[in-house]
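Just below sit the structures, each encoded as C-alpha coordinates.
In what comes next, chain A is part of two complexes: it sits with chain B in the first one and with chain C in the second one.
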Partner chain A sequence: MTFAPGDAVRVSTRPHDGHHRTPAYLKGRVGTIHRLHGGFRNPETRAYAGDGLPEQQLYLVRFGLDDGDCVLADVFEHWLERAT
Partner chain B sequence: MSHDHDHAHEPVTTVPEPPAAARVRALEELLVEKGVLRRDDIHRRIDWLVSRSPADGAKLVARSWVDDEFRRRLLADAREAALEVGLDPGPSPVVVALENTESVHHMVVCTLCSCYPKALLGPPPEWYKSLPYRSRAVSDPRGVLREFGVDLEDDVEVRVVDSTADIRYLVVPRRPDGTESMSEHELAALVTRDSMIGVAVPNARA
Partner chain C sequence: MHDRGEWETEAPIDRTEHPLADWEIIMDALVGTLSAADVMNVDELRRGIESMEPSAYASASYYERWLFSTETILGEKGILAPGELDERVGR
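Let's look at the complex of A and B:
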(Lines of atoms letter the chains of each structure in order from A and count residues from 1; the text may use other names and numbers.)
(Lines give C-alpha, C1' and ligand atoms only; values in the text may rest on other atoms or scores of the structure.)
Protein backbone atom coordinates (compact mmCIF):
# COMPACT_ATOMS: atom_id res chain seq x y z
CA MET A 1 0.00 0.00 0.00
CA THR A 2 1.13 3.50 -0.80
CA PHE A 3 -0.09 5.46 2.21
CA ALA A 4 0.28 5.09 5.94
CA PRO A 5 -1.75 6.56 8.81
CA GLY A 6 -0.95 10.25 9.19
CA ASP A 7 -0.02 10.79 5.53
CA ALA A 8 -1.51 13.87 3.89
CA VAL A 9 -3.56 13.06 0.78
CA ARG A 10 -5.64 14.96 -1.74
CA VAL A 11 -8.72 13.45 -3.36
CA SER A 12 -8.35 13.50 -7.14
CA THR A 13 -10.54 15.86 -9.17
CA ARG A 14 -10.16 13.89 -12.41
CA PRO A 15 -13.38 13.48 -14.36
CA HIS A 16 -14.99 10.07 -14.19
CA ASP A 17 -18.00 8.83 -16.11
CA GLY A 18 -20.04 6.09 -14.54
CA HIS A 19 -20.34 4.49 -11.14
CA HIS A 20 -17.74 5.31 -8.53
CA ARG A 21 -17.74 5.65 -4.76
CA THR A 22 -15.83 8.90 -4.32
CA PRO A 23 -18.27 11.61 -3.20
CA ALA A 24 -18.14 14.91 -5.11
CA TYR A 25 -17.95 17.00 -1.93
CA LEU A 26 -14.55 15.48 -1.12
CA LYS A 27 -12.91 15.85 -4.55
CA GLY A 28 -9.97 18.23 -4.32
CA ARG A 29 -10.05 18.15 -0.52
CA VAL A 30 -6.90 17.45 1.49
CA GLY A 31 -7.13 15.01 4.37
CA THR A 32 -4.97 12.61 6.34
CA ILE A 33 -4.98 8.82 6.32
CA HIS A 34 -6.80 7.70 9.46
CA ARG A 35 -6.91 3.95 8.97
CA LEU A 36 -6.21 1.30 6.33
CA HIS A 37 -9.06 -1.15 5.72
CA GLY A 38 -7.20 -3.39 3.25
CA GLY A 39 -7.87 -4.48 -0.31
CA PHE A 40 -11.37 -4.48 -1.80
CA ARG A 41 -12.68 -5.10 -5.28
CA ASN A 42 -13.05 -2.00 -7.41
CA PRO A 43 -16.69 -0.87 -7.56
CA GLU A 44 -16.03 0.97 -10.82
CA THR A 45 -15.78 -2.30 -12.76
CA ARG A 46 -17.92 -4.45 -10.47
CA ALA A 47 -20.84 -2.15 -11.23
CA TYR A 48 -20.63 -3.23 -14.87
CA ALA A 49 -20.43 -7.00 -14.36
CA GLY A 50 -16.62 -6.93 -14.11
CA ASP A 51 -14.73 -8.84 -11.42
CA GLY A 52 -13.43 -5.67 -9.72
CA LEU A 53 -9.86 -6.97 -9.88
CA PRO A 54 -7.20 -6.03 -9.12
CA GLU A 55 -8.29 -5.10 -5.62
CA GLN A 56 -7.73 -1.53 -4.55
CA GLN A 57 -6.57 -0.48 -1.10
CA LEU A 58 -9.34 1.23 0.83
CA TYR A 59 -8.51 3.94 3.37
CA LEU A 60 -10.51 5.77 5.99
CA VAL A 61 -9.48 9.39 5.41
CA ARG A 62 -9.96 12.24 7.85
CA PHE A 63 -11.12 15.63 6.53
CA GLY A 64 -11.21 18.55 8.96
CA LEU A 65 -14.36 20.55 9.64
CA ASP A 66 -14.64 23.72 11.72
CA ASP A 67 -13.96 23.58 15.45
CA GLY A 68 -11.87 20.42 15.37
CA ASP A 69 -14.70 18.19 14.12
CA CYS A 70 -14.11 15.99 11.08
CA VAL A 71 -15.57 13.81 8.36
CA LEU A 72 -14.10 10.34 8.07
CA ALA A 73 -14.77 8.79 4.66
CA ASP A 74 -13.66 5.63 2.88
CA VAL A 75 -11.68 6.44 -0.26
CA PHE A 76 -9.97 3.99 -2.62
CA GLU A 77 -6.25 4.41 -3.21
CA HIS A 78 -6.60 5.20 -6.91
CA TRP A 79 -8.53 8.34 -5.96
CA LEU A 80 -5.81 9.60 -3.61
CA GLU A 81 -2.74 11.68 -4.42
CA ARG A 82 0.05 12.51 -2.03
CA ALA A 83 -0.31 16.04 -0.63
CA THR A 84 2.40 18.04 1.02
CA MET B 1 -68.99 -13.58 4.85
CA SER B 2 -71.05 -13.87 1.65
CA HIS B 3 -70.41 -11.81 -1.43
CA ASP B 4 -74.06 -11.97 -2.53
CA HIS B 5 -74.58 -8.25 -2.45
CA ASP B 6 -75.04 -5.67 -5.13
CA HIS B 7 -72.24 -3.16 -4.67
CA ALA B 8 -69.00 -3.39 -6.64
CA HIS B 9 -65.68 -3.88 -4.90
CA GLU B 10 -62.74 -1.71 -5.92
CA PRO B 11 -59.77 -3.77 -7.02
CA VAL B 12 -57.29 -4.21 -4.19
CA THR B 13 -54.54 -2.45 -6.11
CA THR B 14 -55.65 0.87 -7.54
CA VAL B 15 -52.31 2.64 -7.18
CA PRO B 16 -49.98 2.19 -10.15
CA GLU B 17 -46.77 0.35 -9.31
CA PRO B 18 -43.87 2.79 -8.79
CA PRO B 19 -41.23 2.61 -11.57
CA ALA B 20 -38.55 1.38 -9.15
CA ALA B 21 -40.72 -1.58 -8.11
CA ALA B 22 -41.37 -2.50 -11.73
CA ARG B 23 -37.66 -2.31 -12.47
CA VAL B 24 -36.77 -4.50 -9.49
CA ARG B 25 -39.38 -7.04 -10.54
CA ALA B 26 -38.01 -7.11 -14.10
CA LEU B 27 -34.44 -7.53 -12.79
CA GLU B 28 -35.51 -10.34 -10.49
CA GLU B 29 -37.28 -12.12 -13.35
CA LEU B 30 -34.20 -11.81 -15.57
CA LEU B 31 -31.77 -12.99 -12.89
CA VAL B 32 -33.94 -16.01 -12.13
CA GLU B 33 -34.49 -16.76 -15.82
CA LYS B 34 -30.75 -16.62 -16.53
CA GLY B 35 -30.01 -18.85 -13.57
CA VAL B 36 -27.92 -16.23 -11.70
CA LEU B 37 -30.20 -16.45 -8.66
CA ARG B 38 -32.90 -18.79 -7.51
CA ARG B 39 -36.17 -17.33 -6.29
CA ASP B 40 -35.74 -19.25 -3.04
CA ASP B 41 -32.40 -17.53 -2.42
CA ILE B 42 -33.98 -14.12 -2.92
CA HIS B 43 -36.81 -14.85 -0.50
CA ARG B 44 -34.45 -16.37 2.06
CA ARG B 45 -32.22 -13.30 1.88
CA ILE B 46 -35.19 -10.94 2.31
CA ASP B 47 -36.50 -13.02 5.24
CA TRP B 48 -33.07 -12.91 6.89
CA LEU B 49 -32.72 -9.17 6.35
CA VAL B 50 -36.07 -8.23 7.83
CA SER B 51 -35.45 -10.59 10.76
CA ARG B 52 -32.42 -8.49 11.80
CA SER B 53 -33.14 -5.66 14.22
CA PRO B 54 -31.42 -3.13 16.49
CA ALA B 55 -31.72 -5.73 19.27
CA ASP B 56 -28.81 -7.53 17.59
CA GLY B 57 -26.49 -4.53 17.71
CA ALA B 58 -27.70 -3.74 21.24
CA LYS B 59 -26.59 -7.19 22.38
CA LEU B 60 -23.05 -6.43 21.21
CA VAL B 61 -23.01 -2.99 22.81
CA ALA B 62 -24.33 -4.22 26.16
CA ARG B 63 -21.75 -7.02 26.24
CA SER B 64 -19.02 -4.46 25.50
CA TRP B 65 -20.23 -2.34 28.45
CA VAL B 66 -19.82 -5.18 30.94
CA ASP B 67 -16.74 -6.87 29.46
CA ASP B 68 -13.66 -4.79 28.59
CA GLU B 69 -11.96 -7.66 26.82
CA PHE B 70 -15.03 -8.17 24.64
CA ARG B 71 -15.08 -4.44 23.85
CA ARG B 72 -11.49 -4.64 22.65
CA ARG B 73 -12.34 -7.58 20.42
CA LEU B 74 -15.46 -5.80 19.10
CA LEU B 75 -13.45 -2.72 18.14
CA ALA B 76 -10.70 -4.84 16.58
CA ASP B 77 -12.94 -7.21 14.60
CA ALA B 78 -16.69 -6.72 14.85
CA ARG B 79 -17.58 -9.89 12.95
CA GLU B 80 -15.50 -12.12 15.22
CA ALA B 81 -17.09 -10.47 18.26
CA ALA B 82 -20.59 -10.85 16.78
CA LEU B 83 -19.96 -14.55 16.15
CA GLU B 84 -19.11 -14.93 19.86
CA VAL B 85 -22.62 -13.82 20.84
CA GLY B 86 -24.27 -15.93 18.16
CA LEU B 87 -24.72 -13.27 15.48
CA ASP B 88 -23.20 -13.55 12.03
CA PRO B 89 -23.07 -10.36 9.98
CA GLY B 90 -21.32 -12.29 7.19
CA PRO B 91 -17.96 -11.60 5.56
CA SER B 92 -19.19 -8.80 3.32
CA PRO B 93 -19.79 -5.95 3.73
CA VAL B 94 -17.24 -5.65 6.52
CA VAL B 95 -18.59 -4.24 9.79
CA VAL B 96 -16.41 -1.90 11.83
CA ALA B 97 -17.41 -0.79 15.34
CA LEU B 98 -16.46 2.71 16.48
CA GLU B 99 -16.43 3.64 20.14
CA ASN B 100 -17.88 6.88 21.48
CA THR B 101 -15.93 8.23 24.44
CA GLU B 102 -15.87 11.29 26.70
CA SER B 103 -13.91 13.14 24.03
CA VAL B 104 -15.05 11.63 20.69
CA HIS B 105 -18.57 11.23 19.29
CA HIS B 106 -19.11 9.29 16.03
CA MET B 107 -22.20 9.58 13.86
CA VAL B 108 -22.74 7.60 10.66
CA VAL B 109 -24.09 8.66 7.29
CA CYS B 110 -23.94 7.41 3.73
CA THR B 111 -23.87 10.50 1.52
CA LEU B 112 -23.86 8.44 -1.71
CA CYS B 113 -26.86 6.23 -0.99
CA SER B 114 -27.98 4.47 2.19
CA CYS B 115 -25.21 2.06 3.28
CA TYR B 116 -26.04 0.85 6.77
CA PRO B 117 -25.00 -2.08 9.00
CA LYS B 118 -28.22 -3.97 8.15
CA ALA B 119 -26.79 -7.26 9.34
CA LEU B 120 -26.66 -5.91 12.90
CA LEU B 121 -29.40 -3.24 12.91
CA GLY B 122 -31.96 -4.39 10.33
CA PRO B 123 -33.26 -2.07 7.62
CA PRO B 124 -32.36 1.64 7.98
CA PRO B 125 -34.89 4.26 9.07
CA GLU B 126 -36.43 6.45 6.35
CA TRP B 127 -34.67 9.61 7.56
CA TYR B 128 -31.28 7.91 7.18
CA LYS B 129 -31.98 7.60 3.45
CA SER B 130 -33.28 11.16 3.08
CA LEU B 131 -31.38 13.83 1.19
CA PRO B 132 -31.54 16.38 4.05
CA TYR B 133 -29.86 13.99 6.51
CA ARG B 134 -27.29 12.80 3.98
CA SER B 135 -26.28 16.31 2.94
CA ARG B 136 -26.45 18.07 6.31
CA ALA B 137 -24.71 15.37 8.36
CA VAL B 138 -21.39 16.23 6.70
CA SER B 139 -21.84 20.01 6.56
CA ASP B 140 -23.54 20.78 9.91
CA PRO B 141 -23.22 17.70 12.12
CA ARG B 142 -23.73 19.56 15.39
CA GLY B 143 -26.87 21.20 14.03
CA VAL B 144 -28.23 17.82 12.96
CA LEU B 145 -27.34 16.30 16.34
CA ARG B 146 -29.13 19.14 18.16
CA GLU B 147 -32.27 18.42 16.12
CA PHE B 148 -32.02 14.82 17.30
CA GLY B 149 -31.76 16.14 20.86
CA VAL B 150 -28.02 15.60 21.29
CA ASP B 151 -26.20 18.70 22.51
CA LEU B 152 -22.51 17.94 22.85
CA GLU B 153 -19.95 19.97 24.77
CA ASP B 154 -17.59 22.02 22.60
CA ASP B 155 -14.59 19.95 23.68
CA VAL B 156 -16.13 16.73 22.33
CA GLU B 157 -14.84 16.01 18.82
CA VAL B 158 -17.59 15.06 16.38
CA ARG B 159 -16.52 12.51 13.77
CA VAL B 160 -19.00 12.08 10.95
CA VAL B 161 -18.33 8.74 9.31
CA ASP B 162 -19.36 8.60 5.66
CA SER B 163 -19.72 4.94 4.64
CA THR B 164 -18.84 5.45 0.99
CA ALA B 165 -17.53 1.97 0.16
CA ASP B 166 -17.32 -1.59 1.53
CA ILE B 167 -17.37 -0.88 5.27
CA ARG B 168 -20.51 -0.58 7.43
CA TYR B 169 -20.07 1.30 10.68
CA LEU B 170 -21.69 0.51 14.01
CA VAL B 171 -21.37 3.13 16.75
CA VAL B 172 -20.74 1.81 20.25
CA PRO B 173 -22.34 4.49 22.43
CA ARG B 174 -21.16 5.37 25.93
CA ARG B 175 -22.66 3.52 28.85
CA PRO B 176 -24.95 5.93 30.71
CA ASP B 177 -24.16 6.92 34.29
CA GLY B 178 -26.30 5.34 36.96
CA THR B 179 -26.40 1.92 35.31
CA GLU B 180 -23.74 0.26 37.47
CA SER B 181 -26.16 -2.20 39.02
CA MET B 182 -27.89 -3.19 35.79
CA SER B 183 -27.48 -6.60 34.18
CA GLU B 184 -26.24 -7.07 30.63
CA HIS B 185 -29.79 -7.90 29.58
CA GLU B 186 -31.19 -4.73 31.19
CA LEU B 187 -28.43 -2.65 29.62
CA ALA B 188 -29.24 -4.01 26.15
CA ALA B 189 -32.74 -2.54 26.48
CA LEU B 190 -31.19 0.94 26.84
CA VAL B 191 -29.28 0.71 23.56
CA THR B 192 -31.43 2.32 20.88
CA ARG B 193 -31.07 2.06 17.13
CA ASP B 194 -30.34 5.79 16.86
CA SER B 195 -27.58 5.57 19.47
CA MET B 196 -25.83 2.98 17.29
CA ILE B 197 -26.09 5.37 14.30
CA GLY B 198 -24.66 8.04 16.59
CA VAL B 199 -27.58 10.49 16.53
CA ALA B 200 -28.73 9.71 20.07
CA VAL B 201 -27.19 8.81 23.40
CA PRO B 202 -28.62 6.04 25.58
CA ASN B 203 -30.32 7.16 28.76
CA ALA B 204 -30.63 5.29 32.03
CA ARG B 205 -34.33 4.84 32.75
CA ALA B 206 -35.47 5.26 36.31
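Let's look at the complex of A and C:
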Protein backbone atom coordinates (compact mmCIF):
# COMPACT_ATOMS: atom_id res chain seq x y z
CA MET A 1 0.00 0.00 0.00
CA THR A 2 1.15 3.51 -0.83
CA PHE A 3 -0.07 5.46 2.18
CA ALA A 4 0.39 5.11 5.93
CA PRO A 5 -1.68 6.52 8.81
CA GLY A 6 -0.95 10.24 9.21
CA ASP A 7 -0.04 10.80 5.55
CA ALA A 8 -1.60 13.89 3.96
CA VAL A 9 -3.62 13.09 0.85
CA ARG A 10 -5.70 15.02 -1.66
CA VAL A 11 -8.74 13.48 -3.33
CA SER A 12 -8.38 13.54 -7.11
CA THR A 13 -10.57 15.92 -9.12
CA ARG A 14 -10.18 13.99 -12.38
CA PRO A 15 -13.39 13.54 -14.35
CA HIS A 16 -14.89 10.07 -14.28
CA ASP A 17 -17.88 8.89 -16.27
CA GLY A 18 -19.80 6.10 -14.67
CA HIS A 19 -20.17 4.54 -11.29
CA HIS A 20 -17.59 5.31 -8.62
CA ARG A 21 -17.71 5.63 -4.86
CA THR A 22 -15.82 8.91 -4.40
CA PRO A 23 -18.34 11.58 -3.33
CA ALA A 24 -18.19 14.88 -5.22
CA TYR A 25 -17.98 16.93 -2.03
CA LEU A 26 -14.60 15.38 -1.17
CA LYS A 27 -12.91 15.87 -4.55
CA GLY A 28 -10.01 18.31 -4.23
CA ARG A 29 -10.14 18.18 -0.43
CA VAL A 30 -7.02 17.43 1.64
CA GLY A 31 -7.24 14.95 4.48
CA THR A 32 -5.06 12.56 6.42
CA ILE A 33 -4.98 8.77 6.27
CA HIS A 34 -6.75 7.50 9.39
CA ARG A 35 -6.30 3.79 8.72
CA LEU A 36 -6.15 1.17 6.01
CA HIS A 37 -9.22 -1.05 5.62
CA GLY A 38 -7.47 -3.41 3.18
CA GLY A 39 -8.03 -4.61 -0.37
CA PHE A 40 -11.49 -4.62 -1.92
CA ARG A 41 -12.81 -5.33 -5.39
CA ASN A 42 -13.10 -2.21 -7.54
CA PRO A 43 -16.72 -1.00 -7.78
CA GLU A 44 -15.89 0.89 -10.98
CA THR A 45 -15.62 -2.34 -12.97
CA ARG A 46 -17.75 -4.54 -10.72
CA ALA A 47 -20.71 -2.24 -11.45
CA TYR A 48 -20.49 -3.24 -15.13
CA ALA A 49 -20.47 -7.03 -14.83
CA GLY A 50 -16.69 -7.09 -14.30
CA ASP A 51 -14.97 -9.04 -11.53
CA GLY A 52 -13.56 -5.90 -9.86
CA LEU A 53 -10.05 -7.33 -9.87
CA PRO A 54 -7.34 -6.46 -9.08
CA GLU A 55 -8.41 -5.45 -5.60
CA GLN A 56 -7.81 -1.81 -4.69
CA GLN A 57 -6.65 -0.60 -1.29
CA LEU A 58 -9.37 1.20 0.64
CA TYR A 59 -8.50 3.81 3.28
CA LEU A 60 -10.44 5.58 5.97
CA VAL A 61 -9.54 9.25 5.45
CA ARG A 62 -10.09 12.03 7.97
CA PHE A 63 -11.10 15.48 6.70
CA GLY A 64 -10.93 18.23 9.30
CA LEU A 65 -13.66 20.87 9.47
CA ASP A 66 -13.31 24.49 10.55
CA ASP A 67 -15.24 23.92 13.77
CA GLY A 68 -12.87 21.18 14.94
CA ASP A 69 -15.18 18.35 13.96
CA CYS A 70 -14.26 16.00 11.15
CA VAL A 71 -15.62 13.87 8.34
CA LEU A 72 -14.40 10.28 8.08
CA ALA A 73 -14.85 8.72 4.65
CA ASP A 74 -13.74 5.58 2.82
CA VAL A 75 -11.70 6.43 -0.28
CA PHE A 76 -9.93 4.04 -2.64
CA GLU A 77 -6.20 4.47 -3.16
CA HIS A 78 -6.54 5.23 -6.86
CA TRP A 79 -8.52 8.36 -5.95
CA LEU A 80 -5.83 9.66 -3.58
CA GLU A 81 -2.76 11.78 -4.34
CA ARG A 82 0.03 12.61 -1.92
CA ALA A 83 -0.37 16.10 -0.45
CA THR A 84 2.28 18.09 1.36
CA MET B 1 -28.54 13.39 -8.54
CA HIS B 2 -27.69 10.58 -6.12
CA ASP B 3 -24.38 12.23 -5.11
CA ARG B 4 -25.95 15.04 -3.08
CA GLY B 5 -23.54 15.52 -0.19
CA GLU B 6 -23.00 19.24 0.57
CA TRP B 7 -26.07 20.32 -1.41
CA GLU B 8 -27.66 23.37 0.18
CA THR B 9 -31.04 22.66 1.74
CA GLU B 10 -33.34 24.16 4.31
CA ALA B 11 -35.39 20.97 4.52
CA PRO B 12 -35.38 19.30 7.92
CA ILE B 13 -34.03 15.74 8.14
CA ASP B 14 -36.88 13.24 8.42
CA ARG B 15 -35.75 10.79 11.09
CA THR B 16 -39.08 9.06 11.52
CA GLU B 17 -39.20 5.29 11.04
CA HIS B 18 -41.91 3.92 8.80
CA PRO B 19 -43.24 0.37 8.69
CA LEU B 20 -42.09 -1.56 5.63
CA ALA B 21 -44.68 -2.81 3.18
CA ASP B 22 -44.60 -6.50 2.29
CA TRP B 23 -43.24 -5.76 -1.18
CA GLU B 24 -40.36 -3.75 0.31
CA ILE B 25 -39.34 -6.69 2.51
CA ILE B 26 -39.55 -8.99 -0.52
CA MET B 27 -37.47 -6.51 -2.56
CA ASP B 28 -34.76 -6.57 0.08
CA ALA B 29 -34.78 -10.38 0.19
CA LEU B 30 -34.70 -10.60 -3.61
CA VAL B 31 -31.62 -8.39 -3.90
CA GLY B 32 -29.92 -10.36 -1.12
CA THR B 33 -30.70 -13.63 -2.88
CA LEU B 34 -29.52 -12.37 -6.29
CA SER B 35 -26.29 -11.20 -4.65
CA ALA B 36 -25.71 -14.49 -2.80
CA ALA B 37 -26.28 -16.36 -6.06
CA ASP B 38 -23.73 -14.13 -7.87
CA VAL B 39 -26.39 -12.90 -10.29
CA MET B 40 -26.21 -9.20 -9.37
CA ASN B 41 -23.92 -7.33 -6.99
CA VAL B 42 -24.33 -4.17 -4.92
CA ASP B 43 -22.18 -2.11 -7.29
CA GLU B 44 -24.49 -2.99 -10.17
CA LEU B 45 -27.48 -2.16 -7.95
CA ARG B 46 -26.01 1.26 -7.20
CA ARG B 47 -25.08 1.89 -10.85
CA GLY B 48 -28.62 1.03 -11.91
CA ILE B 49 -30.02 3.51 -9.38
CA GLU B 50 -27.62 6.19 -10.63
CA SER B 51 -28.92 5.63 -14.18
CA MET B 52 -32.42 6.81 -13.23
CA GLU B 53 -33.73 10.02 -14.74
CA PRO B 54 -33.32 12.76 -12.09
CA SER B 55 -37.06 13.38 -11.85
CA ALA B 56 -37.78 9.65 -11.49
CA TYR B 57 -35.02 9.31 -8.89
CA ALA B 58 -36.38 12.25 -6.90
CA SER B 59 -39.92 10.94 -6.78
CA ALA B 60 -39.04 7.29 -6.08
CA SER B 61 -38.86 5.78 -2.62
CA TYR B 62 -35.82 3.84 -1.39
CA TYR B 63 -37.08 0.40 -2.47
CA GLU B 64 -38.71 1.74 -5.64
CA ARG B 65 -35.14 2.66 -6.65
CA TRP B 66 -34.02 -0.90 -5.86
CA LEU B 67 -36.86 -2.24 -7.99
CA PHE B 68 -36.00 0.05 -10.91
CA SER B 69 -32.35 -0.96 -10.76
CA THR B 70 -32.99 -4.68 -10.35
CA GLU B 71 -35.30 -4.70 -13.37
CA THR B 72 -32.69 -2.72 -15.35
CA ILE B 73 -29.76 -4.98 -14.43
CA LEU B 74 -31.68 -8.25 -14.92
CA GLY B 75 -32.81 -6.91 -18.30
CA GLU B 76 -29.20 -6.18 -19.29
CA LYS B 77 -28.22 -9.70 -18.34
CA GLY B 78 -31.03 -11.21 -20.40
CA ILE B 79 -32.67 -12.72 -17.32
CA LEU B 80 -35.78 -10.58 -17.77
CA ALA B 81 -37.12 -9.94 -21.26
CA PRO B 82 -38.29 -6.41 -22.12
CA GLY B 83 -41.83 -5.99 -20.82
CA GLU B 84 -41.80 -9.36 -19.06
CA LEU B 85 -42.61 -7.98 -15.62
CA ASP B 86 -45.42 -5.79 -16.94
CA GLU B 87 -46.85 -8.76 -18.80
CA ARG B 88 -46.73 -10.99 -15.72
CA VAL B 89 -48.55 -8.47 -13.56
CA GLY B 90 -51.13 -7.90 -16.28
CA ARG B 91 -50.31 -4.29 -17.17
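Everything that follows uses one rule, which is that the second predicted complex is superposed on the first by the 84 of 84 C-alpha atoms of A that agree within 3 Å, B and C clash if a C-alpha of one lies under 4 Å from a C-alpha of the other, contacts with A are read in each partner's own complex, and residues count from 1 in each chain.
Heads up, the rule we're going with is that contacts are C-beta pairs under 8 Å (C-beta built on N, C-alpha and C of every residue); 3 or more make two chains touch, one makes a residue touch a chain.
Predicted, not measured: the structure shown is a model, and the values here were computed from it.
In the superposition on chain A, contact of A:25 is made with both chain B and chain C. Of the two partner chains placed around the shared chain by superposition, chain B is the only one that A:40 touches, whereas chain C remains out of contact. By the touch criterion stated above, A:52 is placed in contact with chain C alone, chain B being left untouched.
Ranked by how many residues of chain A each touches, chain B and chain C are led by B.
By the touch criterion stated above, A:17 is placed in contact with neither chain B nor chain C. Touching of chain A by both chain B and chain C, each in its own complex, is seen for residues 23, 25, 43. Remark: chain B residues 94, 96, 111-112, 138, 141-142, 154, 157-167 touch chain A in the complex.
Chain contact summary for the complex, chain A toward chain B: residues 21-23, 25, 37, 40, 43, 58, 60, 65, 67-76. Those residues of chain C lying in contact with chain A across their complex are 3, 5-6, 41, 43-44, 46-47, 50, 76-77.
On chain A, the positions that touch chain C within their shared complex are 18-19, 23-26, 43, 46-49, 52.
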